[in-house]
Amino acid sequence: MRLGVGVIGTGFMGKTHALAWRNVQAVLGGMMGDVATPDLALLCDAPLDRAQALAAQFGFARATDDWQALVTDPAVDVVSITTPNGLHHRMALAAIAAGKHVWCEKPMALTLAEAEEMAEAARARGVVTLVGYNYLKNPAFTHAQRLIAAGAIGRLVQFRGWVDEDYQADPDLPWSWRAKLAEAGLGALGDIGTHLVSFAHGIMGPITSLIADMQTIHETRPLPDGSGRGVVENEDAASVLLRFANGAQGSLVISRSAWGRKSRLGFEVHGTKGMIVFDQERMNELQIYQNEGPKAEQGFKTILTGPTHPPYGEFCPAPGHQLGFNDLKVIECAALLRAIAGAEPAHPSFDDALRIERVIHAIADSARNGGARIPL
Amino acid sequence: MRLGVGVIGTGFMGKTHALAWRNVQAVLGGMMGDVATPDLALLCDAPLDRAQALAAQFGFARATDDWQALVTDPAVDVVSITTPNGLHHRMALAAIAAGKHVWCEKPMALTLAEAEEMAEAARARGVVTLVGYNYLKNPAFTHAQRLIAAGAIGRLVQFRGWVDEDYQADPDLPWSWRAKLAEAGLGALGDIGTHLVSFAHGIMGPITSLIADMQTIHETRPLPDGSGRGVVENEDAASVLLRFANGAQGSLVISRSAWGRKSRLGFEVHGTKGMIVFDQERMNELQIYQNEGPKAEQGFKTILTGPTHPPYGEFCPAPGHQLGFNDLKVIECAALLRAIAGAEPAHPSFDDALRIERVIHAIADSARNGGARIPL
Amino acid sequence: MRLGVGVIGTGFMGKTHALAWRNVQAVLGGMMGDVATPDLALLCDAPLDRAQALAAQFGFARATDDWQALVTDPAVDVVSITTPNGLHHRMALAAIAAGKHVWCEKPMALTLAEAEEMAEAARARGVVTLVGYNYLKNPAFTHAQRLIAAGAIGRLVQFRGWVDEDYQADPDLPWSWRAKLAEAGLGALGDIGTHLVSFAHGIMGPITSLIADMQTIHETRPLPDGSGRGVVENEDAASVLLRFANGAQGSLVISRSAWGRKSRLGFEVHGTKGMIVFDQERMNELQIYQNEGPKAEQGFKTILTGPTHPPYGEFCPAPGHQLGFNDLKVIECAALLRAIAGAEPAHPSFDDALRIERVIHAIADSARNGGARIPL
Amino acid sequence: MRLGVGVIGTGFMGKTHALAWRNVQAVLGGMMGDVATPDLALLCDAPLDRAQALAAQFGFARATDDWQALVTDPAVDVVSITTPNGLHHRMALAAIAAGKHVWCEKPMALTLAEAEEMAEAARARGVVTLVGYNYLKNPAFTHAQRLIAAGAIGRLVQFRGWVDEDYQADPDLPWSWRAKLAEAGLGALGDIGTHLVSFAHGIMGPITSLIADMQTIHETRPLPDGSGRGVVENEDAASVLLRFANGAQGSLVISRSAWGRKSRLGFEVHGTKGMIVFDQERMNELQIYQNEGPKAEQGFKTILTGPTHPPYGEFCPAPGHQLGFNDLKVIECAALLRAIAGAEPAHPSFDDALRIERVIHAIADSARNGGARIPL
């Protein structure tokens, strides 16, 4: 059985999707069960010659510069949406309307209303949806989930998350559409805060309320044309206090202007019997402390991922040899294939991702209201 | 010139004070300038034979089990108060009334009112006071302060602090006076949160407002006599959002129930040109990232403290050989001697420390009021 | 232009080659210049149905269980040899005789004589050869090379290398062909020591002489059929003293029985102005110390690889997001394509790799002769 | 009972000895048993006014600039020798002749013959001797020894040691007596290699033979008077292959010219069930890997020293708060006091230390003979 793939966008995430589609069968064919084989049918970008060149490079059969044609193309069964955030809503609705499955990058949309509309449309049409929370697929992360489920650190009592990068740290960086609410929506919260919330959900379950503050560190930036300075309308950083349905508390810190941090996305989760710590900048490592054995011999243990942390072994049978960022997307793609085959629900689907976006928007709401507690 | 020293308490902090008094001249004599030489005059603890045994061990001339006799003893010019927190207030007031200088462990008192009374009494009587924020004396920390003052990371925009230990992590630990508001006052906030606030002040300056949440992770504990379970009345953990007078934002996370953390007290401070990170569990290291030179060569640099980070060189002329916890107290003691000699103000004095305690109590207030913003 | 690819072997390295061939154009198409496009023509393994299943999974057009047919197949222009070491020699000679380019895993052969024969055959026939020293392709490693060439750490004075894994650490692991000289050849030296020598050559240039010791830690192992214990004929570990043509000295330590080490392959290189440290277990990090600026601000800097370390950016435009093991093989594959296109010499070719094998065998010779100095 | 203490030298090690004598009772009085109480009787240095000033600072009763007077002074029962290495021999012999116990810094002497003479004299006279291998007293190190003795990592199979500093890394550092064989004796081997051998002995037991190479990285240095360049007569670096009596093999690497290393003295010891790693630059940490439990949960554990690692708790009852370099000397001093009291043998005594010096000189011999194997 074949599955026609259409990918919209060829930038950072576009290429990652294309590579994932290209590789998922070759890498994970041995563990996906009975799923369809992807056909790289159609790649969309503008201008057309760029789309054509990259289609050739990535191995797509055809190219187009018309995303509307792509989402309705009969050769396309599933659509990857990897364009700037402001376009996700329109594209996803069109793809769903055409009965296509959708793999959409995060955040789903600029506003919560749009995201809700997308989730509802997908539910109504019965298509499979998946949102690009690739870090959830890291074998180190899923190992943490398994350890916690097995009681390795006891009852969970506190979650502390962080996500920091420095792509907006330089005060001299020119103003761009990223700074505009109407085009980019939220700032650091949408770009990277979403990933952090996906971790919080994945480890702790639902958040019941939050309080937040947020900050535009660089309030204006030089306009690219040299004509003065443009206002930065969205946040560079946010900090959040959380309460979880399981009774635990927590906190999140988020910044796109944190010098030196390149992909710092991690957490520590405190339990009554131990602690687990993870950071994506050392994505093949997981740290655990357990209150077991003699005190003199206790300490944080650094586990290197390997074949005992599935599906690492499909990439490499030798432990500690390390997966990379793009490998996570391949694992994510396999989850989508299995969902389309009906083997297991896609996660996070539009419905799941909507819950993440609710948190992000609640953070912004709380911050705009001077730190009001927002229930979820 | 001699300075008669009386120390009340012989536990963790009592011994540390005794060792500091014993060593300050020998270690730091070469850099303190013209200060008095400490005479280890009187050591107080109960029962008397314990006090006597430890006076002999620590090298004190005399012992007593009567702290009131100590604070009025004519051979005593300065009093170290290292008893449980609930006793600081009474002892400090008595010592001040007797015209003695006071070196008091933190927190100053159980309540803000008591702390204010202590600060006022000291101001009125004109004695020198110092509160035991020894981590501020770490050459790594003061190097961070110097780097920041020199503009090494530009304008400060965010401060993230943490302080975690696990002395109350075990759910089976018996109930003790530490759990009682009337005897211990605040929990983690008083014990270790104070240290973290001293860092926040030392790096960022005044806090203007905060919002907090707090948590008693182990709500009851087994009574030591086996008669059932006692209620834990104070907090195991707290999380805080901060705004600073310099325009920056920040956050604090605090726990005494964080398995695996033994002396994790640190921060990262984000600037417009770089970042500095410190953690007391690796107290001889300081990390700095600077946006300087080619991107391909940027990274976090780990500086090992050495003789170029005064007064490290007075302990050891070889870099990277490492100071220990007790050494910090020796440096603190030197600061007190210099203050008593009039060479420089003591820091943090009762007035400075009162500002720290205001923050701690504001955190508790905010948390008790559902996360209300508390101005400072 | 198309390039017909035949891969022999489908295990650890076979899959890695297959994935590299599959991806090289898609990932690195933008930076390889004018090279041929790989056609996944033929995959060989036994039994045939396994070969067929994996050909389907990996995307090869055809499958065979006859490697001799593969190396002479007209649709095959280049042959990947990824079988157990004892087979490399025969297969490579046959492929070369058929005029095919050869991409062979290391070590080239069981004996130096075989490796020499292979190199000579390739030279005589004029085919392009490349040996699988994928770690040389890590952007962190090539960045180290660039830094050194630019004088970042001055004159090189010492090289210390290590390579440790624990795949033979367990005393209870059953005896296998790996323990047999006639089938496996050298032990740790061949498997992983070769990689370390490739680093030593890549950083320091030629070795002029060496002295070594070596060790079979587990002298016998339980036979798999329970009939007793089999002798381990090759080394578990070796240690080496080196002298380099550039006047520097060095050392190597090598073990396949080092508990806890999973892919520990690294070095520190000392220069007159600084030091560089690398370890493959944190393959996206490079450490450098430079004697520059105030002593108080010196320290080891940890550089995270990113787009400023080519060709990282072709995988991901965001720094610190991390490459994985399989990505290195993709970069290696691109080097082969460029060499086949005549754009640049392949490195390490059979001739280059022969120099690596000479070192490994010299280590074994020295050790067998009680630590005699062996010139190279 | 009192013990009269005389200290010769007031530099790096002189101050450290003085502080140790000053503190040993106060810190470790509770665990030493029935030992004499040190009286800081006499401090020797030149000129006399420096000796007097430092005697006052360190708390010694008297000062002298005549070491011969010190070693025969009736108020002196034990002599600390902390002068440059070339003077140890004469001073130790004189002190022993006067019937004093001797605490001598390492290396014992410039030549093996001198060291042998010292050991023999001490044996003949029956005085207690101790050589300043303070790193052996680190609770992290002794914990490693206990773990190994308890079988935590099985049979020991390999030892890898390193000791690096950068005090002679700068090519522009002026020539000094340190570079002269007749005054300094060996270079890096004597200064720091000795410490590393003390670790090798402490972990593995006796060495049976070795092979070494050595290197003078900076062959000449600018003369301080600007009159040209002086020859460096001793080694900056050495590398060694070891065989141990227990059947294991090992290696040592040693450099005083290793940029960025400040106190890097450590080892990894491989066993059949695990590995232990220690480095003095993080002196309060010990790493252990054990092949226990599920593979998926194995990893290196970082143990922070605390009260469960005696005598840490005498310094501080809270784990992870960290000891410093000077604290190690206090522990060493306690061992000397106990030996003088007859409670346990001093270790390493002159006899033990002589075995260390034999290794160092064997290394130099092997290197000078082109890497000949030297039996021990």
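As written, the chains take the letters A, B, C and D, and residue 1 is the first residue of each chain.
Note that in this section contacts are C-beta pairs under 8 Å (C-beta built on N, C-alpha and C of every residue); 3 or more make two chains touch, one makes a residue touch a chain.
It should be emphasised that the depicted structure is a prediction, and the values quoted were computed from it without experimental measurement.
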| item | value |
| --- | --- |
| Repeated interface matching A-C, over half of the contact pairs identical, chosen among B-C, A-D or B-D | B-D |
| Whole-Å gap separating chain A and chain D, where each centre is the average of the chain's CA atoms | 53 |
| Centre distance in Å when chain A and chain B are each reduced to the mean of their C-alpha atoms | 41 |
| Geometric centre distance via CA averages, chain D-chain B, whole Å | 34 |
| In chain C, residues with contacts to at least two other chains | 261, 298-300, 304, 306 |
| Graph class of chain-chain contacts, one of line, ring, star, complete, other | complete |
| Interface residues, chain B side, partner chain D - complex | 11-12, 16, 18-19, 22-23, 25-27, 29-30, 56-59, 165, 167, 261-264, 281-283, 304, 306, 315-327 |
| Complex contact set, residues of chain C against chain D | 153-154, 157-158, 160, 162, 169-171, 211-215, 217-218, 237, 239-241, 243, 249-251, 253, 255, 257-261, 270-275, 289-291, 298-300, 370-371, 373 |
| Chain C-touching residues of chain B, taken from the complex the two chains share | 143, 147, 286, 288, 294-304, 306, 308-309 |
